[in-house]
Amino acid sequence: MISHPITGLVAATHTPFHADGSLNLGMVEKQAAHLQHTGIAAAFIGGTTGESHSLSLDERKALTKRWMEVTAGSSLKVVVHVGANCLGDVAALAAQAQEVGADAISALAPSYFKPRSVASLVDCCVQITAAAPELPFFLYDIPSFTGISLSMPEFLTMGAERLPTLAGIKFTNPDGMMFQQCLYHSDSAFSILWGTDECLIAGLALGATGAVGSTYNFAAPIYQRIIRAFGENDFVTARAEQKRSVELVARLASVGYMGAAKSVMKILGVDVGPARLPHTNLDAAQEKALQADLEEMGLLSAEFRV
Amino acid sequence: MISHPITGLVAATHTPFHADGSLNLGMVEKQAAHLQHTGIAAAFIGGTTGESHSLSLDERKALTKRWMEVTAGSSLKVVVHVGANCLGDVAALAAQAQEVGADAISALAPSYFKPRSVASLVDCCVQITAAAPELPFFLYDIPSFTGISLSMPEFLTMGAERLPTLAGIKFTNPDGMMFQQCLYHSDSAFSILWGTDECLIAGLALGATGAVGSTYNFAAPIYQRIIRAFGENDFVTARAEQKRSVELVARLASVGYMGAAKSVMKILGVDVGPARLPHTNLDAAQEKALQADLEEMGLLSAEFRV
Amino acid sequence: MISHPITGLVAATHTPFHADGSLNLGMVEKQAAHLQHTGIAAAFIGGTTGESHSLSLDERKALTKRWMEVTAGSSLKVVVHVGANCLGDVAALAAQAQEVGADAISALAPSYFKPRSVASLVDCCVQITAAAPELPFFLYDIPSFTGISLSMPEFLTMGAERLPTLAGIKFTNPDGMMFQQCLYHSDSAFSILWGTDECLIAGLALGATGAVGSTYNFAAPIYQRIIRAFGENDFVTARAEQKRSVELVARLASVGYMGAAKSVMKILGVDVGPARLPHTNLDAAQEKALQADLEEMGLLSAEFRV
Amino acid sequence: MISHPITGLVAATHTPFHADGSLNLGMVEKQAAHLQHTGIAAAFIGGTTGESHSLSLDERKALTKRWMEVTAGSSLKVVVHVGANCLGDVAALAAQAQEVGADAISALAPSYFKPRSVASLVDCCVQITAAAPELPFFLYDIPSFTGISLSMPEFLTMGAERLPTLAGIKFTNPDGMMFQQCLYHSDSAFSILWGTDECLIAGLALGATGAVGSTYNFAAPIYQRIIRAFGENDFVTARAEQKRSVELVARLASVGYMGAAKSVMKILGVDVGPARLPHTNLDAAQEKALQADLEEMGLLSAEFRV
């Protein structure tokens, strides 16, 4: 088993596009700077927020390459999401991640054709991890998107035997009981990253020491305060900040979360462009209304900007 | 709006049966005593744990009557679950609950035929609450059983206008964001009861002040310690106790939760009999193995017994 | 195994209510006459169309009693649906059905608590059939409502051993492969009743000889022509009539199927009243628009009326 | 609207692999010969049976190129499935299909990120069809795999306006009512290809004139007899053959359909190799048992082989 505790906030970054939807690698530098400015520990690139499934293999490779260039020498870690339906592509992405010096890889399972058992899921992961034998591996469990609901504790048990680089799970799953079972598995040897931003305080209470999410891209100060307040047993503050996070997520979801989230980035001065189909985007009027609301919610102040 | 904050632990009680499956009202007194002995604030009777849907209307009425007799003059509150598919039956149960002096009623929505909108759900609740106009009403939201996933904040908004007795929600739903939205709704006027025992600590962190669940029947000391430790900012203890709760639930679920839970009650000396079909029950060997494991887990010590 | 082939069209009848939602048994006679006038072989009473889950036990008993009185001496068979969540109630309904001379009983499985295996489903059916040992029993498989998807061929295999009165299945399930597996099971010993009105022609092609459905209440002439045309290998006519059935169902579904279907009955002169909550009903304007459309679709001509 | 009626049986072909899982284009010629020998009208390549989601973009292009070479000058039509999550890849595949002279393209919707409305689905299809403006386009509707359940009649309505090349739907959906609505849409202008092999007789009864499926690869003679018998109103024969098809599918599904189906091809002398992960494959003993059963079922006789 590989030792690789990721702690703190990990931002599941957006993939930047030009207005016409083509890849805009020129924006990565600004994204990275923004994350560092707001105290983010690591960038999780090319995941669900990164629209991985809407990217070509070449685009994913170019994205990874650019992030490694931009973060070279910085303290911002990079976790490359390599998951896809085609395991051959996944292996290629994993190998590249190792080659360019990423800190870790993560992958969700193929989900058009689904592994029907934990054993089959581990078989898939064997192919993936073999291509990056030196990088810590995080399984990415996100049943609401993949439609795959397998036992994560069983995965850890079988994975501990067959996956030498298994480091943990990106746990984007509302099942708090299973979260604890993973957290305490193998004498707490694995990093189980909390994946529900709008309940970070619940994750902290359960024992999470790291969290991955998409709102950490643009609202990290809220969560930094939650973590700090939690550490000081100040639940009044922690809950008040969490409430702001809930209101933010609800506001974005009301007009289509992904497109709205990319608009927030633009409003904050980090223009990552529109989301690709089948996601929808905000029109100008919606974006203006959003900006006004964010302003009122105090989410456009200096601490949220670079 | 009715003011009726239920706080503390509410046990979703089992309905006691004889070995042949017939109602065993003689056991209610022992159940009530056991709950009081372990510091439970209220009994939620005839709910999911109470196998309400496997009871006849007459059995439900007899059960309510017996609980009110047994708890007369005691500090143990009684919340009567009156939900069913037939709203006529629900109204009859609600009226009886008021007549016999229950503290509150609760109801899940009809779920064979499902309300397709919040408005339709509220229409159902109007029929229910009209039959018990003096009792606080808690909607019982449990999507995993009913297959109904409606917005609870919207329910509260519409319910605040049309349901004079609306007091809150029994929130058996893993959606922690929606939990918070309900908690803060109408300036926190409603009681939103946390419904996930195995993550009580998460609920407390989010701000829950009351919780309903089935493991509070037989493992309340664990949860009392969680609440106390949480109040003292002692997360080491709180998490250790929550871990025990997780292990207990996992152990019971491995052999069929409901039948196993009733076996635990029997092992503790409060024999509530077998579960009715379509639930399954433990055979003698399984029950013996369970007893040994509970012993080892320290769950049969004096504090867990009357 | 009991021999009881039900053939032809079986109407899943509505339960008649007064305008205030109370039971209107006075309308049963007219319903029965209407069915006989349109060549229906049997009435399936108190099922999904009959809003069984919205009826009290007493109402269901009264309904059965009334149907048996009204059909005494007639050729119209009566199949009593006795399914419910509470198996005690189910047994009571089964016993009554036998006592009053019904032709057969049918039951869906408890669905709030669900049987998790075929064996558990058969256990439930043992309780049901034991209460009416002289009546043929049809399991009612309707996964879209119950959320229970078990193998019906396996049910027949196990049921053939343990359920002496098992006669077949009311197959309201779109799985045509499983339909065939049931049809050919035990050398075609069971009656597998086709449950998808809008694809009756598909059922006939696959070999169905009986069908149960709700549109047979008000549009039987369409289906009689489908059956006749199919028998004469006249697919042009059969498909044209099936197309009308599809258009009718689509029209009703567009405004809430159940309420709309009850409006159709009223328009045809058999006023079965409104549907109970959580179903919705048509307002006056919607009903008027529906009547105009039915007129245009040729569904209000003499042959559709008593 | 483009006129392109595909009629008869369309085989959803397997993608051939070597034993090590790498692409084995050398086998395509034999596959094509086998299809022609058994009277198949068209090959649907790179679809669900073709494990499209487990192939890289380059592999899909190579596969298409090879199929066009092999079928050049033959009467076997080729429909190229181009669907994928990344619409950029889809457009590239569509453009290639047109360039190399395919007869038509088909695509399922992105399904990791899902279109949430018919309008969004049509937006996706606009991107796809624009890349192959001369090729007929078939939407591929397969909710059991994609988790997308949108109204196909509404898709045809909107598609008729915005997709000049829209030719029809590969309808792998058990909803026979919706099938008819599509069949009769726009005065029956679209080809709605029946997608449920094990109920082909039902599709024929409903009016299908073309069908796409995976068992047509290895059991076409069964289906040819069904079509012939249906045309002669000989339902005894048609049903008996359909029953064989059901038994075949059930046998394969009992050991994992996809791996088993590829074993059947091998047994018939067209070795398309194993299925890729996350599919599972038969071991030697399972394959031997399958061969024995197929022998007994009469599915290895001369007419099934080249």
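Order of writing sets the labels: A, B, C and D. Residues in every chain begin at 1.
Just so it is clear, a residue touches a chain if its C-beta (ideal position, glycine included) is under 8 Å from a C-beta of that chain, and two chains touch if they have at least 3 such contacts.
Which chain is which protein? Per UniProt: A, B, C, D = N-acetylneuraminate lyase.
Being a predicted model, the structure only gives us computed values, none of them experimental.
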Quiz item: With chain centres set to the mean of the C-alpha atoms, which chain is at the far end from subunit B?
Solution: D
Quiz item: In whole angstrom, how far does the Cα centroid of subunit A sit from the Cα centroid of subunit C?
Solution: 50
Quiz item: How many angstrom between the C-alpha centroids of subunit B and subunit A?
Solution: 36
Self-check item: Residue numbers of subunit A (touch at least two other chains)
Solution: none
Quiz item: What kind of graph do the touching chains make: line, ring, star, complete, other?
Solution: ring
Quiz prompt | Contacting chain pairs - touch in the sense defined above | solution = A-B, A-D, B-C, C-D
Quiz item: Which positions of subunit C touch subunit D when the two form their complex?
Solution: 174-177, 180-181, 184, 196, 198-199, 201-207, 230, 233, 235, 238-239, 242-243, 246, 249-250
Quiz prompt | subunit D-touching residues of subunit A, taken from the complex the two chains share | solution = 51, 53-57, 59, 85-89, 109-116, 120-121, 123-124, 127, 145-147, 258, 276-280
